[in-house]
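Each of the next two complexes has chain A plus one more chain, namely chain B in the first and chain C in the second.
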Partner chain A sequence: MGLTKALDRGRETVRGRPLILITWLAGVLLALDILARLAGVEIALAAGRSFGGSMSAAQFGNLVWNGVIVGLIFGLAGIGLSMTYSILNFANFSHGDLLTTGAFTGWGAALLIAGWGLAETGSLVLVRAAGGPSPNEIGASVIQAPIAIVIGVVVAAVATVLVTVAIDRAVYRPMRDRGGIPLLIASIGVALALRYVVQFVFGSRSRGVTATEGVRTTVAGVGVNLHELTLFVVALVLMVGMHLLLQRTKLGTAMRAMADNKDLALVTGIPTERVVTATWVLGGALAGVSGFLYVLERGTIEFNIGWFLLLFIFAAVILGGIGSIYGAIAGGLVIGLVHEVSLVWISGDFNAAAAFLIMILVLLYRPEGLFSGVTTA
Partner chain B sequence: MSDAAGDDRTGDETDVQASDGETDVQASDGETDVRSDVDANDVRARTDPRASAPEDAILRVRNLDAGYGDLQILTDVDLDVGDGEYVTIVGPNGAGKSTVMKSVFGLTTHLGGTITFRSEPIHELPPERIIHQGISYVPQSDNVFAGLSVRENLEMGAYILDEVPESRIETIYDRFPVLRDRQGQKAGTLSGGQRQMVAMGRALMLDPDLLLLDEPSAGLAPDLVQDMFDRIDRINDDGTAVLMVEQNAKQALRRCDRGYVLTQGRNAYTDAGDRLLADEEVRRKFLGG
Partner chain C sequence: MTHRLRPDGGARGSGDADREPSGVRGSGGDASGSDDDDRGSGDGGRGTPRGKSAAGAVRDAVERTLGGNDLAVVLATLGAIYLLFTLFVLVANDFEITTSTINAIASTLRLLTFFAASYAVLALALNLHWGYTGLFNIGVAGFMAVGVYTMGLLSSPPDATSGMGLGLPLPIGIIGGMVAAALVGLIAALPALRLEADYLAIVTLGLSEIIRLTMNSGQLSSWTVETFGFGTGGGSGLNLPARPTDALFEGGAGEALLATLTGMGVRRSIVVDAAYLFVVIAFVVGVYWLLSRVGASPFGRVLKAIRDDELVARSLGKDTRLFKIKVFMLGCALMGLGGILWQGSYGYVNPNSFRPIVTFYVFVAVIIGGSGSNAGSIVGSILFVGLLFEGPRQFGGIVQNAMELGDAPATFAGAVGPLTGLDPTPLLAYGLENISALQFVLLGVVLIVIIQRRPDGVLGHRTETAAAVDLGERPAAGAAPDASRDSATDAGSASGSGGDADE
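Up next, the complex of A and B:
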């Protein structure tokens, strides 16, 4: 009885939405392919293609770890995007450039501390805009200058918060009641302005900033990149911190209340403008730190890194269910993992497409996103 | 849990019948009175909104013009609520009943006239300042934070206080025992009646002097409507003045101290609730005979 019912329902789904069946089949096939590769089984197919192959567990583990690392960046940055969406009701296209802002200000501070006396102050604060001593000479890494990295994180957060709140006062607050579309379009303008201010101040050259000496090491027999590990720990701590703030504090509860029902928040006596400012402060700080950590992990900095990340962050947030911070984190991890693990089959030029494809497929299956219904700021 | 709620309801039903009987008697008494001596004084009392106003009114609305943006809804509205009084506003759809209430709470565009609360002018204040004055408002729909737990909803009601007043939460739980059982549950998962209790509980967190209720019976199952009116009676009995807008005009007038009939954004009639209920003209025009 139960079985036939389940079969009936399955048949209906397949008939109504065959794409879902194809997606599941493809997913199962790819999973089997990974297992076959890990087991070293290779079955030759037509046209020189084959099923399975060989891949060491370490190679695969490496891809997964890389996926988690970029996923944490997407997720951490996505929290702020998701919060501003649910509390202020608009998709903030300048969020990516807030990451850039955090990256440049934070690394300016980090290089200034790490390279004090090695080069002119201006050259260090401008994150080696015109060259100067090499990153390894400056020695900005968690091994050689941990204090510089910590200060960099703090400065990235503080500077981005200041920029974010200033932008809100100047641009978004005056048009708060005009609805999501005008705000969205304004935010595209803000994004462009912010990016080109950064380019004007810091230059458009892509350059290295982190020292590499001793960053790759072995801990208990496992090779680790200490910068990735730093990113992992800081991102996790901040995510847990956000969870506690939203669930345990009065401000967090008020933020969730406002995300839920703005009109009611107003008549309940919640100071809505103060909650909005708190939202920008938190979202800006997380964006700034994400930008800083992203550069720590990749080693190079450029004025458009945030803009390129923005689409992935949006994908993560939409996939997870816009408005939920847990959705943003989960979505970020899914997008990150797909982005990296897809390298098993496709070249690095196309893996971004795989990440967006998985977003579209999930949305076809669950249009509200993974964490829909979990209305948590 | 459900048992406790069930018991509670049975208790209320007995109350309803008792009070219903009482009011009916009064109402029919009033009817004979009105019919026997219709004089000029009575007519004046019914149509002059200030005539029946208590002298110790805590809320005074005078010559209020208000609306939304350029759209004027209210013209020259007068309304008073005495200390601890229970006042209802009735009238046809679109008469501006809810707009009066929203104006008191600073949610409309003020176009003229004055609103004073305990002699302080409040018509220029935003809602968050008005809450500090001792007025709370329960909107008609969407009046709970669906994603927050019952307890968090109550806590938000006391946001302006530095600390969550535990004793106040206990008082609310004593008033609505089912909320104590459900305190960890998300408000969005509750039934309509329970949500209305959360909404009222939230508004009562600051122990307001005046509670504004916008159609508390809207969307409730018929058997819960009586229950809701009983709860409002008890809130009022404990000393909180109530200003209520109701579609369910007969019920509301039967239970309140005084009523205002509003038509097309203006005062039409004002009198004690049972007298309005007994008034031929009011009955014919607004209460469906």
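Up next, the complex of A and C:
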């Protein structure tokens, strides 16, 4: 009985949605390929290509870990984007540049504290805009200056929140009832203005900021990068915090209500403007922190890092289903893993394209997201 | 005037407000005009909001003198920008009229016109998508890239320094580029047009980035060169065939003409570049003509109906999806053409020319001109190139030379520090040194201000109506909004030309 039902459903899938089937098949094949590679099995196919091959477990583990790390960045930044998307109903193209804002302000503060007295205050606050002492001399790392890093995280969050709320007051608030597209276009304008204000203030040079001394150590026989570990821990703590906030507090309930049905929320007496501000505050803070952590992990800073991340963040949010923060986190991890693990098969020229392709396919064939059914819950 | 429900919905807000005081002139113009061509809606400026703003006053003045003649508006804008830039060059040369000054003026104006014309082709194509049909395509750069690269792969000589082409004649390359762009548009459109506008935006942006990354891949290039005998050259770019007009000056009457002109002191490059410029302008005119025809045709009326309310268009039995796919392909082909005319004319192209920012440039041009109007797209392109793209740089250079501010500080700290001693010079010098960053800030701010205050564009409410008669006309004061809309619709059907319905 159960078997025939399953078979029927399978047949329906094959007939009705062949693309889903192909996607599944491809996924299974790729997973088998990874297993074969890990086992060191190689089956020769036509034209000098082969199924399987050799790859050490350490190599694979490394790719997966990298995927998780970037995935957490996408997910953390994606929470804010997902919330503004569902509560304010527009795709915020300036979200990436909020990450940039957080990265620069946070690192300005972190360098100022870590390198106090080593160089002029101006040069440090501007994140080594004109060179000066090298990152290792300044010593901004979790080992050498943990307090500087903590203060950097806080400053990144606060500064980004201030910028975000100011932008909301000036740009989005007068257009609150104008529908998605005008707001989207305005957000493109915000993105341009914000990115190039950052460039104007901090300069266009790409430069290193973190100290590397002692960051790579071995804990219990496993080599770890303490900066990646910091990112991992902070991101997880913030995600759990968001979960508790949305589930346990009145504000969280109000936000979920607004995401579900704005008019109903208004009728119920939810102060919508205040909820909108809270959304910007939370989204901005998370964006700023993820920008800061992203730089902590990669070590260098540049005025367009956030813009380059934007499409990945969109991909994460869309993959997870707009409006769901768990979806954004899961989507971020998937996109991060695709971005890194796809390097097994394709060259580094195309791994970003692979992530975007996944996003487009999800939009086309499952626009409600892979983890749909939950909205801002 | 126009009653529309665009996907953005909000654009109506101020449009409706603009419409209120305009009934007097409106009915006359629309009753006789009644068709969809640009002139019919050229009276868009009439709804100027009571001369409150400076822009409104200027618009009024322009409207009064030019009487809504689109060609006159385009030429007047171009003339004003020309005048401004001539002034820039004259100031930079201390008003000494020498041969070199005249050459500098000519070369500046040529560059300006070239950019304006290139953007005009792209803006017209985007206007077909966004202004006419309401498709929010922000992958313009990607479709340009497909056009240019296909042209290069077909027509570049096989012995090029970077990249490798098949060496076919240029017309084949150009047509191939347009066809390829249209096909990529088809692939994108088939599934993507079902999506809502903001999703379409993300899909097209993602697609344009995928295209750019593909062009950027060195591995792919060397593989295709080995397998098929052509390749993009990856990050180092692709050599392209020379502009066909350059050959005019090699031998024969062309060479003689060039010799005469250079004998008179005209720089050689100006003559050669100007020849190509005329080709681009001819293409602008051609594309404008084509799109005006499309807009005025029954096909175009369906497009506008889709933009105004897709559900209604579908209820009237139109296969809106097919219309959208067709128009998407046409627009993409024109974007490919725009790319070829612009980026394809330098003899060399690399993937960096197709960053998403180019798309936003084109978008700003369309929005400035007012989406939905072909003439507006051209005017928008001229204004964008003149005032936002080239203007700030020229202006900054002049101020920098004139004021002798000394060396600009290397960082922002060095620029702001002296402000405590009330010395703004370092900040000014720093600002002028980094004017390219400020230019982008200006671009962003202009975009925000326009979308906030003038969603209909600088030139006012120029969206062409889908219906053959004025549905927005209010019959009597005090009538309930619903009643007024009903009676307007009645009037529309009574006149027997209910827009799309009769196709």
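In the analysis below, the second predicted complex is superposed on the first by the 367 of 377 C-alpha atoms of A that agree within 3 Å, B and C clash if a C-alpha of one lies under 4 Å from a C-alpha of the other, contacts with A are read in each partner's own complex, and residues count from 1 in each chain.
By our rule, contacts are C-beta pairs under 8 Å (C-beta built on N, C-alpha and C of every residue); 3 or more make two chains touch, one makes a residue touch a chain.
Small disclaimer: the values here were computed from a predicted structure and weren't measured.
**Q** With the two structures overlaid on chain A, would chain B and chain C clash, or do they fit side by side?
**A** fit
**Q** When the two structures are overlaid on chain A, which partner does A:Ala353 contact: first (chain B), second (chain C), both, or neither?
**A** second
**Q** Between chain B and chain C, whom does A:Ala257 touch in the aligned arrangement: first, second, both, or neither?
**A** Touch status of A:Ala257: first partner only.
**Q** Now for A:Tyr196: first (chain B), second (chain C), both, or neither, which partner does it touch?
**A** second
**Q** Check whether chain B or chain C contacts more residues of chain A in the superposed model.
**A** Greater contact footprint in residues on chain A: C.
**Q** Counting only touches as set out at the top, which of chain B and chain C does A:Ile270 meet: first, second, both, neither?
**A** first
**Q** For A:Leu35, is the partner it touches chain B (first), chain C (second), both, or none of the two (neither)?
**A** The answer is neither, since A:Leu35 touches no partner chain.
**Q** Minimum CA distance, chain B versus chain C, superposed model, integer angstrom?
**A** Superposed on chain A, the two chains' closest C-alpha atoms are separated by 5 Å.
**Q** Is there a shared patch on chain A that both chain B and chain C touch, and which residues make it up?
**A** none
**Q** Along chain A, where are the residues that touch chain B in the complex?
**A** Spelled out, the residues of chain A in touch with chain B are 250, 253-254, 256-257, 259-261, 263-271, 375-376.
**Q** Quick check on the complex: what are the chain B residues that touch chain A?
**A** Chain B reaches chain A through residues 105, 107, 127-128, 131-132, 137, 139, 142-148, 152, 155-157, 159-160, 164, 202, 206.
**Q** So in the complex, which bits of chain C are touching chain A?
**A** Contacts found on chain C: 6-11, 13, 136, 191-192, 194-199, 201-203, 205-207, 209-210, 213-214, 216-220, 360, 363, 367, 410-414, 416-417, 431, 434, 437-441, 443-448, 451-452, 455.
**Q** State the interface residues of chain A toward chain C in the complex, per the touch definition above.
**A** Residue positions touching the partner: 90-91, 120-123, 125-126, 129-130, 171, 174-175, 177-182, 184-186, 188-197, 199-204, 311, 314-315, 318, 347, 349-350, 352-353, 356-357, 359-360, 363-365, 367.
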